[in-house]
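First subunit A sits with subunit B, and in the next complex the same chain sits with subunit C.
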Partner chain A sequence: MSYGLLAPEIILTIVGLVIILLGLLITDKSKNMIGYFGAAGLVVALGYVLKTMTAEGSFFYNALVIDPLSQIFKLIFLIVSLMVVIASISYFKDNRNQDEYYALILLSTVGMMVVASANDLVALFVGFELASMSTYVLAGFEKKNPASLEAALKYFIIGSLSSALMLFGMSLVYGVTGSTNIPVIIEFFKTNPMMATNSLDIIAMIFLVAGFGFKMALVPFHMWAPDTYEGSPSVVSSLLAAGSKKMGFVAAFRVLVLALVAIRIDIQMTFAILAVITMTYGNIVAISQRSIKRMLAYSSIAQAGYISLAFVVMTQMSVAGGVLLALGHALMKGGAFIAVALVGYMVLSDNRNAKNLDDIGNFAGLGKRAPITAFSLLVFFLALAGIPPSAGFIGKFVLFYSITIEAVAQASNWLLLVVIIAILNSALSIYYYARVIRYMYVLPPNGEKIKEPTPYVVAILLAVIGTIGIGIYPEPFIQMAMNAASVLGV
Partner chain B sequence: MFSDYAALIVLLPVIAFVLTLFLGKKLPHGGAYLPIAAIAGSFIISLGTFLEIYPTDGIVQQSMPWFAGMNLGILIDPLAVVMLMMVSFVSLLIHIYAVGYMSHDPAKPRYFAETSLFTAAMLSVILSDNILQFFISWELVGLCSFLLIGFWYHKPSAAAAAKKAFLVTRVGDVMFLAGIVLLYVNMSEIITSRAFSVGPENFILQFKTMFEAIPLINPTQLTYITLLFFGGAIGKSGQFPLHGWLPDAMEGPTTVSALIHAATMVTAGVYLVARTFPMFAATPATLSAGVPDSLLIVAYVGGFTALFAATMGLVMNDIKRVLAYSTVSQLGYMMLALGTAGAVVGAQAVGISMFHLISHAFFKALLFLCAGSVIHAVGTNDIREMGGLFGKMKITGTTMFIAALALAGIGIPFINIGTAGFFSKDMIIEKAFEYGELKGDFIPYAFAIIAALLTSIYIFRLWFMAFTGKPRSERHSHESPGVMTRPLMILALFALFFGFAHLGFYDYLNKNFELMTGEKAALEGESLQMSPIIVLLPVIVGVLGLLISYAIYHRRMLDMSKLVSTQNPLYKLLLNRYYEPKIGADIIGVKLTHDVVAQSGEFVDRKIIDGLVIDNIIGNTLFKLGEFVRKLQTGVVQNYASVTILGIGLLIIILRIKFGGT
Partner chain C sequence: MSLYTYLLISAIIFAIGAYGIITQRSGIKILMCIELLLNSANLNLVAFSSFNGNATGQVFAIFSIAIAAAEAAIGFAILVALFRVRDTINLDNINILRW
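Now for the complex of A and B:
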């Protein structure tokens, strides 16, 4: 058996470990090079994943699989990590602990990629924990900043609770079926239909949902997210919102098939309620935020609500829509957080002791002070609000369309209502995005024009190109998402 | 080999646009060499493609699927390739000239970036193989013209002119878009009724598919579609009644005027009609239902515009405005050619019209660049303040005289020696006469021949007033630098000698639509035997106009002061441009649109939406709700954990209620 298809994970692990070793050997001054090394590793892995987008394979007694679903999510994780690493070259310049930072980013990426490939509950849990442990540390990486420490601590406590719940759910599944391998579990329920209506199944499923919902930041498992996104270094928020959040979705896609195909419990209504509450809650609370990172955190919760609409109907098209929106959201939200990091850099260069770097007041006149950043934020905000041509529009369009089709097919009025609420929510979100856009372009600047550091600009432009590119030429991405969705066999 | 790189024709100027925009400040001459090199590349590829496909009568087709049965693609047929060569060549010369002309302007990088994008957009219009891509590029052309006309945006008149150009052409664009929608509806109906198939090589809005589907489209609908397309062409090509923006568009730099008027924007409208000519030609005349065929409308609008604009050209004192009305008038000729010759010789009309379009591009670009050279030298646009420039500006004076000869269409009939305009314009006038013979309707011919006389008068009036007589201002004028005069000389050569290519040109373009659809062109017209006087008449009126201008403006044999006074109602009418700006701007613009629409819109916006709904009701309520919910976010991690557990409890309860439990 050849492990060629796992090359991206292997490469990243090696690069991550080499970075730690390097950190011990080289001087603090030359540590600024490490970021480039990490980025190079990510580019190689990314290239490899792009080359094997349609590959299939299974490894380690079927614990890990490579299929279009795993590959598209790996693509998301790698792109986000790459953006974050590039932006971090500026953000953590001259920090003497850079080596640990980059190593942790790479290892958390490996964890996310393992989850994307996981075909076994244990592998899934291991990947989940690898990614979570690394990000706990990353969230608290600015040791001298109390907000960062608080963010990390809250994230860690709620994260541990969720992990425990998830593990408990998995153990219940194992108890019922005697296996942790997902296809085997499905097969078991098919051959023993008696076991498929056990109330233990429901509890197991809910515990799993709670575990994944924590990463996805679904209401009511979302409470940690605004505090953590706000307190963490902006580049880490970018990784959390754009990358590790999607880990929850891919895990849910892989496991919830169980609920639908095997256990046949009707989770449609439950997920519809969760999704609607999540998106409405996120959008409404986002309106009154003055901290842009908090606003983005709530908007991220709202987006999680949209994406989880895919679980409501679980057709091939709706899953494809969910995957597309996840991809789009990774680009838009990742880019937006990095842009906020750049604004923080700008404020600090005005005044070294500034507080509340992401206050909306600091965005006044950004169009004049940092034109590339302001324009990119404009693109991200419009895309997040779902205005074409953008990745946000394509994702929402496919998703809402798939639910409308299903609503018509089932002659279900409440499903239609869900779609209408989702569309109204999209319209509502424009309100708070437009407020920031007004600050950026209408209000007068409160400082000089700055030179935007190249690494930030490269990372942001990557996201802008992706966001608009998918909007203009969506066909191959829709195809990719449809392929990914077909893996689930729904 | 060149045709494989056809996409680069558009991409090179786009790349130059990006590079110039970002790096222009750091490069010499504001980065002017980037667009020049890029457009030179476009020209070389266009020329190479032409040399490749000309001997074999080939065409270049490349396309890839886009979405919903539509595609992105490239179509280079004879019609497109001659346009490509003309646009890239003229644009190249104008760019070179602009290095000198714009040398004192601080915003050079922006200028060169925008003109480069403008050229790219126009080339993309020409290359499009489907109507949607055509429309998108067309809109981009409109956007760039807005940016360039308003290039000196600190000048209020320039900002106003840019706005006017944008809004007026938008009227046409909306019609064009409506035409595309109507066409799309019809095409999808045809496809779903399975009378027609669209395969992977055949996309729904591709020109090829459209032409094949013509017999299947409901004739009345076809008339509407073509008329809506023509509406778009009226806006873009400044035909009556949407011509008002073109003269005002002179507010931009003169090089921009040359680019808009000669090479790019205005010809897009004519190109649209030429491109979709089979559809126009297929519209039936159902006069009983009160609907004439579309070609008739094209002919009348074109003919009327030719005459109408020429009358205004007679009295304008701003050198650029004279040329602007001249452009409107000449575009009228091109439309007239499509309309009348279309009825007489079918698809050959496209060749006749395009030949005039291209020869016009040469001499009109030349006229504008000469005007720019003059303005550069004397520092005013008013021809009343010029005079006696010939002694100081020999090259500009000579080349401008050549251009004027070409515009007036002067040459020697029967032995076929003459300027470019002689061949191209006389052909149009002759076809208008044949149309009169055929249909018993000589009105288009009358439009054409009277306009020809006026054309000759106004252009030589301009030349004599500027270059002869005594200097009327103190300013010290000088000949322009070589980088400006050399493009003039090149263009002058084309204005003089391009006409000799006419027979080959007509032959080549006649094959155009056969090559695309693989069908023979429908109509083969037989040439009527015309009396010598008809052949001679266009030249006679041209020379007559020259003599009249010579007598009045050079020899001063007639005292014009009586005629040219604001007491004379006719002069006043013309000078005020038929009060069209007044009617358009004051009555329609201000009174109707602004007072009624804008005021009520403002009322709704400010009082109802902004005041009431958004701020007071929705805004405040949501904001308060948000504040309330925000309080739930206590920041205490124990509460967070409790909420998580509470959530799980609620989920279990919901599911248990739903299933009753086992």
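Now for the complex of A and C:
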């Protein structure tokens, strides 16, 4: 059999390992070219995934599958990781450990891609841990900076707790069904409906929801996210918010939607409550933040609330909406964190010992000091608030529309209420985005115009083009998301 | 011993681990509690594997033991780096980031 469809993972693993080896052999000065090497590997893998968007295949005794769902999430992970690597060429310039940094980014991307294709609980767990452990180290990569280490420690403790919960839940699922293969588990529940109401199943599901919920940063599993996103290097926050969070969603789509389709205990109500609390909490707390990274962290908690609305009704269209919003959020949030990294670079070039690089005061007059960054942030913020034409609008539109259809079909008032709360939340979020926009364009600048480094600009423009492109020409992406959702057979 | 004995023991170990993570303030003790959590799941897997009569659970347990070892290594690395900068691994003193 041929492993051609796994070429992206194989390429990234090889490039990552070669980078580690290369780092031992070359001088500290020539390490600045390693970033370009990593970016080249990612471009090749990205091209390969784009070429095989509709491919199907299964590998290693059905432990990994390639289907439209896995491919669209691999696309998300690879784009995010490419943006992060390009921006890091500037962010970690002249850092003598940067070889390890790029190797870890590539390996964490491989882990996320394994989760996207996992069809077996063992593969899912191993991929999850590969991605998590690489990102624990990345969060603490500035090892002289106490905030970065604190972020890493908090992320590590909560992350390992969530993997332990997930593993415990998986062990119970295995105990009930006698298999770790997801299709076999579904088949088992279909043939033995008696077993589907076993109390062990319900406990297992609670553990799995908690385990994935930590990764997705749903309230009440969100406590680590603001601290970690604020303390980590900005480019790593971008990877965490845009990439590693989506890994939780694809795992939840695969396991909760597929394997627990048989149980169908009030999973609808549970997720509706979780989603509403998550989006409201995220938006309300974001209002009072002065640190932009922390504000973006809370706004990404709110976005996770919107995306998890897809679990509430679980129709093909709502899953497609969730996938679209995940794609849009990856571009918007990833780009926004990289733009914040650029502002940090700008502040440091004014004053080498500056603290609180992401304070909102530093954004005053950004429209004059760094016009490209300011304009891109404007695009990202408007897209995050869901203003057309942008990827954020398309995702929210499809998602909310699908829930409204379902609410009308079921004649259910509380589903309609959920949609109304979600829309009011989007309106609320405009308030704190508009505040930053006011700082950028209305307030006077407190410094000279700077020259924006090319790697940052390339990474940010990539995200801007994606965000606006999906907004203007959404058909192929909606089609891709619908294909992905049809895999789940809901 | 019946399956329920093993499940009960693993539930107790899990509860001790979860309690420890909530109450302990030393970084090292928290790492030990995380190990307890992971190992309670391993015990579950092996017990179910013997009960179900297939080896999948034991293979899963070996994977998860290897992963737990790697996880502990990373945890200690972060704690060592933190101790060099802050001279403490008491979680009460690690509070720069807060809202």
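Throughout what follows, the second predicted complex is superposed on the first by the 487 of 490 C-alpha atoms of A that agree within 3 Å, B and C clash if a C-alpha of one lies under 4 Å from a C-alpha of the other, contacts with A are read in each partner's own complex, and residues count from 1 in each chain.
Criterion: a residue touches a chain if its C-beta (ideal position, glycine included) is under 8 Å from a C-beta of that chain, and two chains touch if they have at least 3 such contacts.
Fair warning: this is a prediction, and the values are worked out from it, not measured in the lab.
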Subunit B versus subunit C as contact partner of A:136, first or second or both or neither
second
**Asked** A:191 contacts which: subunit B (first), subunit C (second), both, neither?
**Response** neither
> Thinking of the overlay built on chain A, is A:121 touched by subunit B (first), by subunit C (second), by both, or by neither?
Replying inline: second
### Message
Output check: A:178 vs subunit B and subunit C. Expected answer is one of first, second, both, neither. What do you get?
### Response
second
- Task: Using the touch definition from the top, say if A:353 reaches subunit B (first), subunit C (second), both or neither.
- Result: neither
- Based on the superposed arrangement, let me know which partner A:475 touches: subunit B (first), subunit C (second), both, or neither? first
Just checking: does A:151 make contact with subunit B only, subunit C only, both, or neither of them? Give me first, second, both or neither. second
Exercise for the section: Considering only the touch criterion stated at the top, classify A:210 as touching first (subunit B), second (subunit C), both, or neither. Expected result: first
Q.
Let me test your reading of the model: by the given contact rule, A:431 touches which partner, first (subunit B), second (subunit C), both or neither?
A. first
Subunit A positions within both the subunit B interface and the subunit C interface are 153-154, 157, 161, 165, 226-227, 285, 289
Residue positions on subunit C within touch of subunit A in the complex are 14, 17, 21, 27, 30, 34, 37-38, 40-42, 44-45, 47-49, 51-52, 54, 56-57, 59-60, 63-64, 67, 70-71, 74-75, 77-79, 81-82, 84-86, 91, 94-99
As the complex stands, subunit A meets subunit C at residues 121-122, 125-126, 129, 133, 136-137, 140, 143-147, 149-154, 156-157, 160-161, 163-165, 167-168, 170-172, 174-175, 178-180, 226-227, 230-231, 285, 289, 294
Residue set of subunit A touching subunit B in the complex reads 153-154, 157-158, 161-162, 165, 197-199, 202-203, 206-207, 209-210, 213-214, 219-221, 223-224, 226-227, 265-267, 269-270, 273-274, 281, 284-289, 428, 431, 473-475
Counting only contacts in the complex, subunit B reaches subunit A at residues 65-67, 619, 622-623, 625-627, 629-630, 633, 635, 637, 639-641, 643-644, 646-648, 650-652, 654-656, 658-659, 661-662
